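First chain written, first letter: the chains are A, B, C and D, and each begins at residue 1.
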């Protein structure tokens, strides 16, 4: 059957997959290079041509994936399977990655909206996610330690709120234009806790410097904690994989199990 | 009995708990937003009204918790149980989170003291700590490795004192206004060891740069050491939890070993 | 036989090896010190003399290694063994570390090419790699976790592309001279994700600061993930080494189990 | 005997030890506070008096430790034991911590030498090292992973030399006053690899930014590698401690060992 062949072509043909992945990467590079006005302006027609070509390819791919969606799922009617595909993560990514091209033909947008719509083309990078088999180890490890990690983030969040509110009251008098409100203070707090330290905002009073030192030192723990959690999850996974292959033997009757 | 019902309502009713947690978070956001003068000034009455409402709610909560305190503890007279509650961590947090509102009615404070008192409202964020069941894993892991962690902090402290004193003598001549005293030098030392590096203070002499390089490289170990300690504690915990569930049994002859 | 003696001298004589390693390190220091014009100009003749001496020694070493190459490999003709050596990693390093000295005698280069050729002398540092027996543990551990590490790098790469493209659109209007194109935006992205934060480029709009905060916080995970992976690989290695040496034996009845 | 009592007093009396530790910490604080000219100048006599008092106490302690040194070691003549003490780590620290006070009475120094001699007082902080029983776990763990850690440092060192030499040739033309020589370039290299990033020196050319990005990304691994090594050593230690307490049983004859 044609549909089965097309489905196999889309999902198993390695030449087609390499072609799509190359096209995605070229799209991303095109987006980056097009931000250089001195390159974009003289070659505008080439960039637009490449964008046109890409949208055609991705549109055909989307239509074919939609058409063969009933082979991708086991249960349900042909219609419900297509709905399922349309609202699956990759279905939505595939759609939103091409939609911005067609929308202006339907609705008359002003330029600012168009500029934001162009950003949706970045979604194409997520189409690479179909490579994701190898991503599974990492994501499953992160999922296992989700509860500890989310508490770490929660504690970090409380810490940031506390330190930035305190810092605001400490530094506001000395630097009213820098520590203007707690929002600016939060920006300082993130830069300090993550140890980025751009240097655009920092305390100048003695009390502020002491507070900032405490926060920076806690920031070390803020790095150490998730690292410890993730390490522990990786090691747990590695050990359970080892034990699977062990072949345990009863010391009394000698039965292997 | 009414008291038992109230006690259950305070500690088990999920709607009441969600309401309190939402109120706490709204209080924190209100504190942050009120720091934006352009937002606070026109809507002052709304912020004051919300503060008034919050204090009423938290006050009622405190009174009820104080009244039902004799159900929270097992031993002791009704009076001693209430004293126990009043001086428990959460009892004190609950009290200090509302006290600043009432104090000015009793004592006539000047504005500067009032401003500091307002900061006590931040304590309300710690009321979220009652969520803490899920925090237990992390805190117990940190407690297990407390002795190693505190020695790391002690070594880091000595390192900071040493490096900042040396740096003061090295850089004071070249930058008398930056490395003005060892206090400023300590500020440089924290920024370097934690790898924050704001860029407001750094050595300019060759000797100072060499010293700073050594400190920055040691700073890497200063991150690695607590991470190793915490990882090890997490893994230890994970393994002992696994072993609990092991109770290895031969499926053929039933021998446990 | 002379050839066997020479081969042993090159590869086993500890005095010769120490001499070569010292010469390599002196070469590197000479290259660094020669970059100080105030030192290089008056002592130019000494630096040139030392360079001449080093090239003579390294050339003799290369010729001898080439001559004795047929003792280094087991199979193949004398000629094929020498070809094998010439195109081995260390063979190429040895060659390219001396070639730039001879090339100008053959081809007339202009000064700019000569300057780049001089940089090839840096390759001499890799000659230290023959020390590498002790490097094996680390490289083998890194190889074991190669697939997870390369996925982390891939995810980090996508993250950098995404964040820098978004940041370009957010900040370009406010700071057209800093966030001039996505290339500059990528430079910001690396500085933030790695938590270096030089402070030459950072967001000034509120939206940009929020985006930057998110990226900086993700940067923490970006450090935690490879650390967890590498820790896990080191521990796996350590445990399998322990188990090798176990061969558990009952001290009373001698039963192995 | 008096000598035995004195020896016990010096090494076991907890009040005396607390007194000495408090005095050391006060000495360090005095050194820090004396760097504030506005505090030191009016109270010079107090600082000098405290220094005089401290030297007296530490001198008496040194004399007593020297006198009772023959009880601290098992073998050798009374004289050889005292020589042993004098050249032990703590013996030397104790001596150099008080020597600078007496030297000016013997030799007439100029002020600059005196200023450096005063720095020797910082050595007093190492007298706290006698607390070191609890430091043993950490130092023994670091010693176990010494070979891997020293290779990491060696690789980092090569990386720094390579990157700073390349950066010097890349940026020297664009910023001759910043990347003036490879020494300055090394300072940039340390700041980048350790992710401190003060922001006083950074590349401005495109090639330099690409090179810097690569170094910053490698810097992440530079943090991950020692962390992984240290974690692994901590876990190894923890596991061997657990196994000691296990009580292994032969499954055949039931002997515990």
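As a convention for this text, contacts are C-beta pairs under 8 Å (C-beta built on N, C-alpha and C of every residue); 3 or more make two chains touch, one makes a residue touch a chain.
Here the structure is a predicted model, which means the values were calculated and not measured.
Participant: Over the chains that touch one another, what is the least number of steps taking subunit A to subunit C?
Facilitator: Shortest path length, in steps: 1.
Participant: What's the rotation angle, in degrees and to the nearest 5, for a C-alpha fit of subunit B onto subunit D?
Facilitator: 90
Participant: Tell me whether subunit C and subunit D, two copies of the same sequence, contact each other through the same residue numbers or different ones, using over half shared as the line for same.
Facilitator: The interface is built from different residue numbers on each side, given that under half of them are used by both copies.
Participant: Between subunit B and subunit D, what is the gap in Å from one C-alpha centre to the other?
Facilitator: 30
Participant: Cα centroid separation between subunit A and subunit B, in whole Å?
Facilitator: Going by mean C-alpha positions, subunit A sits 30 Å from subunit B.
Participant: Cα centroid separation between subunit A and subunit D, in whole Å?
Facilitator: That gives a centre separation of 43 Å.
Participant: Could you tell me which residues belong to subunit A and also touch two or more other chains?
Facilitator: In subunit A, 183, 186, 191, 195-199, 223, 227, 229, 231, 235, 251-252 touch at least two other chains.
Participant: Flag every residue of subunit C that touches subunit B in the complex, lowest number first.
Facilitator: 195, 197-199, 227, 231, 235
Participant: For subunit B, which residues count as touching subunit A in their complex?
Facilitator: Touching subunit A from subunit B are residues 28, 31-32, 35-37, 115-116, 119, 122, 125, 128, 134-135, 137-138, 141, 153, 156, 183, 186-187, 190-191, 194-200, 222-223, 226-227, 229-231, 233-235, 237-238, 242, 248, 250-253, 255, 257.
Participant: Which residues of subunit A touch subunit B in their complex?
Facilitator: Within the complex, subunit A touches subunit B at residues 147-148, 151-152, 155, 158, 161-162, 165-166, 168-169, 181-183, 185-186, 191-192, 195-199, 202, 206, 209, 212-213, 216-217, 219-221, 223-225, 227-229, 231-232, 235-236, 248, 250-253, 255, 257.
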